Amino acid sequence: MTDLPRSQHIIASGLIAAVGLTVAAISFTQEPADAFVFPRLISSVFAVLAIWTFGKAVLGRSKVGNGLSAQAMRNLLPGLMVMGIYVYWAAKALGFYTSTTIAFFVLLSLYDPAPHGRLGTWLKRAAITAGFMAVIYGLFALLLNVFTPKEILF
Amino acid sequence: MKNWIAGAAVAMAALTGSAYAEELGDYPERPLMLMVSYGAGGATDFQARIVTMTAGNEDALGMPMAIVNKPGAGGRVGWNWFATQAEPDGYTLGAYNIPHFIAQSIEGGVEYSADSFEPIANWGADPAVFVVGAESPFNSMDDVIAFAKENPGGLTFSGAGLFVGHHIAALQLEQAAGVKMAYIPNNAGGAGAMRAVIAGEVMGGVNNLSDAFRAQEAGNVKVLGVFDLDRNDFLPDVPTLKEQGYNIDNASVNFRGVMVPKGTPQPIIDHLAATVPTMFENGRVQSRMKAGGSPMHIMTRDEVLEMWAARQETLEKLLAGL
Amino acid sequence: MDFLFYMGDVFMPMNFALLLLGTVGGLILGATPGLSPTMAVALLIPFTFQLEPQQGLILLGAAYTSTVAGGAVSAILLKIPGAPANIATTLDGHTMATKGEGAKALQLSFLASAVGGLFGVFLLIFLTPVLAQWALAFGPSHLFWLAILGVTVIGTLDSSSVVKGLLSGCIGLWLATIGFDDIMGAQRFIFHPAVSGGINVIPALIGLFAIPQIITMLTKGRSRSDAEVIKVRRHPIRLAFVEVFRRKTALAIGTITGSVIGLIPGVGGQIAGLVAYDQSKKFSKEGEKFGTGHSEGVIAAESANNAMVGPSLVPLLTLSIPGSPTAAVLLGGLLIHGIFPGPDLFMNYPEVAWTFIDSMLIGQILMCVFGLYIAGFAASVARVPHGVMAAVVLGLAVFGSYSVQNSMGDVYVMATLGVAMYFLERFGFSAAPLVLGLILGPIAEANFIQGAMIANATVGLGSYFFTGWLNWLLILIVVASVSYSVWMEIAHRRYTTKEDAVAKEEALS
């Protein structure tokens, strides 16, 4: 345990304290007051606990939590980007089934340890993607009749 | 004059049937969706599932209709979604509840009003009734009002929420009898409000006729009055509020039907308006609805438009005093 | 003994075929992320239009029992709780699966489900009249205290730090207030159109549990190391039986808590599993092992959520009031055939009522048999490379949360909450108390407001919320629960070093 988690703890709990205080500020200023009785109660407790946690972090007494390591973040970044593009943009713009196929395949290729050079690897990845999409399509489109934002096939 | 125009429109529609067919294309070519702004299992959801069960028949729409529930805040969540985010492509339909959504739009804080939607057809009308527990000392509305007069603001009675049919009925009752009572909106809808009556948490309640009929059959409640113009076939022995001397009309009757978002192509609206009422008239639908104790009341698009306009006016007056 | 008389009906070829269909279908639907038992049963209603009343109810009854148990499959293998009932199952179940004990976890969960489920249905058969009174006894003030009791559980649930547990709970309580408030209809904290309808519990659940899971897998990069090394241990069913019945305390607490809480209208089903989990943790001799893949955790959670099935139908069958959303859907299934539930149900339609109950009994057993069978090979999921696993879970999470109410907003909420939860977890916060806050918030608030309205019109706030033996009992339990947590926190501090806490966190992540 180096000093890294301590500074991280301060940032993390600081952010939460900021959220807590914002929520409290909104709860106590918004109208109608009747509808905000409960939020006021919660947000007061929320803010107090958040400040307490922040204080502990500043004093270096935050015990639990592992923090984030640089290596893990580097590993995570490409995946998180694929996820973000998929969920926030592609799913609606390209259609659910199309975007899921692409995202699934890309994610698989990024994180599959098998060597990229061989054709067999790619065939296997394509096969897994196709299999998964077949299951998803069968379950959600055929069995449950879920309407995706575009036509049912997309 | 109005009728003449309507008649002409019908004639035109008949004459130009082929032209519409062209504009319609193959509509509907995929399953349709019906948004219900109450949870699965509620009266609206239950009835919507029954009246749409024959949608896939060739003589109806020829494509099945799937129910999608968007419950929350007395229907506001679903109707907000329907007014702002639903695609006006003819495949996204919604169920409406009158007077709920009109009352909510008058109260404000929502993104819809009667102008945001195009009605297609009405399938049911469920009047509100006043119920008390089976052991209650109250045996008529006069008993209830007498108690309320002695204890201003002390008579607790439940209902499904604020600015829904039950609340309208409660407001009308307070106004007509000139008393102050304590209306307790329930967060669990009509079923929760009924539970509160049976468990004795409240002294009485406004509830749906269909649910009250069932609860009375089960021996749990007494039904004291119907908030409608005439007595109901399900409860022929229960007098209306009007008969008991309170000047209350049918403004709180819960009309349920199908609508589409504004902006849906006119040929599609016309097609739906022509087919959906016949779908409701299907014998199997009728028998299932009757078995379930759900009163049906089929109205065409023109009738519904008129009813919406009339409700808008009455409710604006009633809620202005709040 | 009427139920024995009608037992034969269940085994008529057509009826039994439907029972099998309902059970298998229910397990599949239950294991599908995003599909709660309520929706699964609602989806089956149209099929029952074509059937005889008796047959329709057999299908629905079987589906109800097995969807609740089926939720354990995705909870254990993928860490996606299908419904609030399965949250507690993920805590130990998924940890077991990552240790290669997926088969064992699934076997335990199905066996415990069957035990709890059978007990619950027997309660329904023998004690219905007594239970009906109990179901009515809970008014707004009691439900409020019950929700507060749930809140006190928050601090100790799956977190090494009470303060951070409570803080997680507060975040959940706050998230629950977003959207329209249920009674007044006022808008609160709507900062983005995706949350204008409030935060739906099911997409939130999927995000909070599944996304951190995906991210953790992604942080391992392209390494071959982790997932493949895990050996999936075979686990003979015989040993699972021994294990379930050896853990008597967990099984008993789970079953009893589940049946009692399941009875309370509107609250039961959602929190039965979590409350049972927390209680058996407090009573267990090995309490500190909870959360690290301990069998008692799975047993308590799963016996509770299936024990709730039978009692949750009591208000419906006797008083004609649906006590839970699923019961409301079942009511629809009865009504379309012109059958009105109520005290006369068992006299007027004994063949329907008793066959329905019998089908739930037999359904529990069938569900257990199929479940044990699935457990054998489903557990090899742990051997799937984490790249594939992450992609599969992401796909299911997106589709699952979208399918709840066909809303893209729910998908955004799911993903955003999930990513935020990953970072929170790295700093010692946990998802379970957050979700509990999310569930309990509306219950506490709505019942407080209703109670206050009734109180102001009648006896006054003080006497409404603080008198009556049931209020006193609940307040007493709340006080006991809080003191226990405080005492544990103090006792805990004396010997917990930073390293201990970190070691436990490592085991969790």
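Letters A, B and C name the chains as they come in the text, with residue numbers starting at 1 for each one.
Everything below uses one rule, namely that a residue touches a chain if its C-beta (ideal position, glycine included) is under 8 Å from a C-beta of that chain, and two chains touch if they have at least 3 such contacts.
Keep in mind the model is a prediction, meaning the values are calculated, not measured.
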Chain whose mean Cα position lies farthest from chain A: B
Chain whose Cα centroid lies nearest the overall Cα centroid: C
Length of the line joining the C-alpha centres of chain B and chain C, rounded to whole Å: 33
Geometric centre distance via CA averages, chain C-chain A, whole Å: 23
Distance between the centres, which are taken as Cα means, of chain B and chain A, whole angstrom: 40
For chain C, residues contacting two or more additional chains: 181, 184, 186, 406
Multi-chain contact sites of chain B, meaning residues that touch two or more partners: 33, 68
Two or more partner chains touched - positions in chain A: 147
List of chain A residues in touch with chain C within their complex: 1, 8-9, 12-13, 16, 19-20, 23, 26, 30, 32, 34-36, 38-39, 42-43, 45-46, 49-50, 52-53, 56, 62-68, 71-76, 79-80, 83-84, 86-88, 91-92, 96, 100, 103-104, 107-108, 110-113, 128, 132, 136, 139-140, 144, 146-149
Touching residues on chain B, where the partner in the complex is chain C: 33, 39-42, 45-46, 49-50, 53, 67-70, 72-74, 76-78, 80-81, 84-85, 104, 107, 109, 153-156, 161-163, 182, 184-188, 191-192, 194-196, 198-202, 214-215, 217-220, 284, 288, 290-294
Chain C - residues contacting chain A, complex: 32, 35, 43, 159-161, 163-164, 166-167, 170-171, 173-174, 177, 181, 184, 186, 188-189, 214-215, 217-224, 385-388, 390-392, 394-396, 398-399, 402-403, 406, 408, 411-412, 415, 419, 423-429, 441, 444-445, 448-449, 496, 498, 501-502, 505-506, 509
Chain B partner contacts - residues on chain C that touch it in the complex: 38-39, 42, 45-46, 49, 136-137, 139-140, 179-187, 193, 196-198, 265-266, 315, 319-322, 325-332, 335-338, 340-344, 405-407, 442, 446-447, 450, 453-454, 456-458
